[in-house]
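Letters are used for the chains, namely A, B and C, taken in the order the chains are written, and counting of residues starts over at 1 for each.
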Amino acid sequence: MAEIHLRNVSKRWGSFVGVKSFDLEIADAEFLVLLGPSGCGKTTTMRMIAGLEDLTEGEIRIGDKVVNDLTPKDRDVAMVFQSYGLYPTMTVYENIRFPLKVRKVPQVQHDEMVMRAAEMVELTDFLHRKPAALSGGQRQRVALARAIVRKPTVFLMDEPLSNLDAKLRVSTRAQIKNLHHELRTTTIYVTHDQIEAMTLADRVVVMNKGEVQQVGTPIDIYDNPANTFVAGFIGSPAMNLMEGTMTGGVFEGRNVRIPGFDGVRDGAVIVGFRAEDAALAETGEIAAPVYSMELLGDSSMATVQAGGTLVAIKAAKDFSAEIGAPVAASVPAAICHLFDPATGLRIAKGAA
Amino acid sequence: MKHKTFLWFVLPSGVAMFLFIALPIVSVLIQSVYAPHEQVVIEVENCGPFGCTKATSIDQAATAALREAEPLGRFVGDDIYTNRNHLAFAEIATLWAGAESLGMFWSQLLNLPFYGALAFTLTYTFVVTPGAIILGFLIALSVNAIPRVFRGPTIFFSLLPMIVTPLIGALILFWMIDARGILGTALQAIAGDPTLSVKASTPLTWIMLMVYGIWSSAPFAFVVYYAGLQTVPQDTLESAMIDGASRWERIRYVVLPHLLPLTTFMALIKIMDNFRVFEPIVSFNAAAHAQSLSYFIYSDLGGETRLLSSAAATSVLTILGVAILLSPVLVRTWKSFGKA
Amino acid sequence: MSIAANRRSPLLQTFLGAFLILWLMVAAFPFLWTLWGSFKVEGDFFSKADWSNAIFGTLTEVETGAPFTLDGYYGAWVQEEFWRAALNTLIVVVSVVVISLTFGTLGGYALSRSPYRYAFWLLIIALMFRAMPPITLVSGYLLPFFQWNLWGHLPTTIIVLVAINQPFTLWMLTAFFRNIPKDLDESAMVDGCSQFQAFRHVIIPVMWPGVITTGLFSFLLAYNDFAVTAMLLSKENQTMVPKIASFLGTTQTKGNVMFAVASVVSVTAPLFVLVLFFQRQIVSGLTAGAVKG
């Protein structure tokens, strides 16, 4: 049993706010991803859970124990660091065994436990090397093995893949997902890479400037972003966000006119849609000259200027147009999301 | 790190510094306002057949008892600070009134022991510091220009004047500059004066001390600049070349700005070190011609009569001097920290 | 690095080369001259008549029958019991280095890991302490040390030198510990160590390069000190440097100067060896604070 409760958790350094009243319940065996740009407070939140950082305010519970004043060693958590934090003077075997040694696990069990952890991450061939003699991916797996060797109640992972090259990142991601499925340990995973978040998470917490923006399943935050920050952060490419005004249910901005927002109140508004939801057409809600064309492989992306920004629209891979040639795109009101330009918050469609 | 853990880790070091640096500063402050007890004198009337004579004698027991009871001595306030051996206010006033010209006043002022020591210390600090930095910079440029294989041995020999014990380095030079030593003889030959003696002349002694100072602190500047030259950003240097900068302009706009922070750092360290100049005066046996503040304290402390109060007052004044020299750094730190 | 940006004109190259040779002579010649002269008699070491006597040892040959003599060394080490001073120096220096480093690693580690402001101010205070001329502190010690009968003993001098050493040691080690990634001790703490265990198991094994460099400078400070050892040690506990200074007081006696010369060479020799073996560490230590700004 290892639910984690964060109640009103805050971190301030002087007048600088690192994390602002964070409230969250994390279920047992859940894979939770903290996602956000660098400096958003996600790592600080994790370090407070680990006990490496003091709380300014609030309360953290792991299971039914308040851990605010416990040192990291008494919290029964394991952590994988961004730069792995391997002990350079110890061999791989000693590195993995270290948590067992300092936690006074009976000597006789060490060998078996280390070997099992090493097997899970396929490290058995490297046990007698020093970390300096390993590749980046192997070091990363040593860090993983060291975390899983003693079956902690919580796993914490701080951007564990960011120092790997693109190819290794994909395979290690799969390995982490598989490990979690096998061990069923509550896991908190920090990343700035939204693809990692989407592929790994049961639930994602999007953070910005120390504040939680949205908590939800990956599908949920992708389909129903709570505000313009989440909309602009999630997805590749991110959601197009056009500025304009709403008059009598019709949205108008530069090079764009979308009717059909009945019941939405008049005034300035931000309209967002995803590139893959729109389509190029003979005539449509957006009509503008092509700004640039990019071939992505399985498709191509046309960019035009509309509503005060650059708007991307997905097209078939054989589509081509000269820069400056006029194109049109169909962006029906049904695929659009509305946001309040003042607060950035989502406006429910059809609401008055 | 938790406050309590931090405290335990820092404790040994902190206690050592508190007991043997912070408290001694307090101790010199206190000592500087007390003077030793005078001997207790008693008057005894000896009446003999030829009438009575009054004689004074020292009451040893009473003196000892008094010293035992108040080991610090008697409280004298700022007397020691203002006496002739320190700030000498009264003497300065007389000098000022009696001096015919500013130059005369000045030269008489420097005859007062404290002002003489202060003048030498400041001259030494502000001649040796830039001198050593410039010499060190030239050595660094030269070493950077020679092939790599020669650099190791060159650095080895260049380090020696700095590494060697100051007292000993100064002694070695002193023996050479002695009238019978190789440099002293050479100087006599050059000057054509067989009686020339560096030791006997105040200006030559000053120059000699400063030459020693530059000799012994140039290696530090050299090493720092040499390391700095290794880290000059090559990209910037190359882009400056492509932009059409001449060799001099590249040095002016790329290399020197890169070395500037190092120079500030070094100047700070060297000013602190040179301000405490002391050992070479002992080695050169130069006290008759040049005294520094540190030497002034040393000579008060040593010898038959340990003039603790006088030394303490000079120490306090020296510490004030250090504080004034350091104040720009402290103010800057304070400001930059206030912003952060 | 023979890339275009570093090319120099031949004239400049020649000038720099000549300057460097001049500097090397200035830097090294005094030591070689004194080393050579220490095997002569006083008449040759200070040879008014003909400087070549100092090289060929004419008078030395007349007086002792050989161009080289160990009289100076015999006089200093045996007759004047310089070995006692050497032994005292050994005791003082080893103790100072060991204690300084023990205190300094603990303090420097804590300072490098504490995010709080007081850690910063502690370093600034240490910097101010570093600026105090040692002799001003000595004048603060004498009265209480006389009063409490602490004056003259080796342990007193050792602990005083340790304290005077601390500001510098703390600065240097803090800088070294900052270069050891925090991840290391933090993973140890998550793995189940207390802060002290993390320090012991994980930081100590990787800190030696920094500790050795800092130790070299602690060694130099203790070995080269004159102000503290001269004022705080009684005659029988004197270390080498004040002992040499006391030789100077009696230079009028013939031959005594040669005792001083021989002991000066004896004191310098270990420093030569030190630079020879640890040149790289010394250079890196000198620049550690500076290059990072």
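Quick note on the criterion: a residue touches a chain if its C-beta (ideal position, glycine included) is under 8 Å from a C-beta of that chain, and two chains touch if they have at least 3 such contacts.
Predicted model only: the values in this text are computed from it and were never measured.
Among the other chains, the CA centroid farthest from that of chain C is the one of A. Comparing chain C-alpha centroids with the centroid of the full set of protein C-alpha atoms picks out C as the closest.
Between chain A and chain B, the centres computed from C-alpha atoms are 60 Å apart.
Spacing of chain A relative to chain C, judged by their CA centroids, is 55 angstrom. Between chain B and chain C the centroid-to-centroid distance comes to 18 Å (mean Cα coordinates, whole Å). Of all residues in chain C, those that touch two or more other chains are 115, 195. Shown for chain A are the residues in touch with two or more other chains, namely 71. For chain B, the set of residues touching two or more other chains reads 2. Of all residues in chain C, only 115, 181, 183-184, 186-195, 197, 201-202, 205-206 touch chain A in the complex they form.
Against chain C, in their complex, chain A makes its touches with residues 13, 50-52, 71-73, 77-79, 81-89, 98-99, 102-103, 143, 146, 156.
If you check the complex, the residues on chain B that touch chain C are 1-3, 5-6, 8-10, 12-14, 16-17, 19-28, 31, 71-72, 135, 138-139, 141-143, 145-146, 152, 154-161, 163-169, 171-173, 175-176, 178-182, 185-186, 215, 219-220, 223-224, 226-228, 231, 234, 237-238, 241, 247, 250, 261-262, 265-266, 272, 275-276, 278-279, 282-283, 285, 293-294, 297-298, 300-302, 306, 308, 311-312, 314-315, 318-319, 322-323, 325-326, 330, 333, 337. On chain C, the positions that touch chain B within their shared complex are 3-5, 8, 12-13, 16-17, 19-20, 23-24, 26-28, 30-31, 33-34, 37, 45-48, 51, 54, 102-104, 106-107, 109-111, 113-116, 119-120, 122, 124, 126, 128-144, 147, 159-160, 162-164, 166-167, 169-170, 195-196, 199, 220, 223-224, 226-227, 230-231, 241, 244-245, 248, 257, 260-261, 264, 267-268, 271-272, 274-276, 279, 282-283, 286-287, 289-291, 293.
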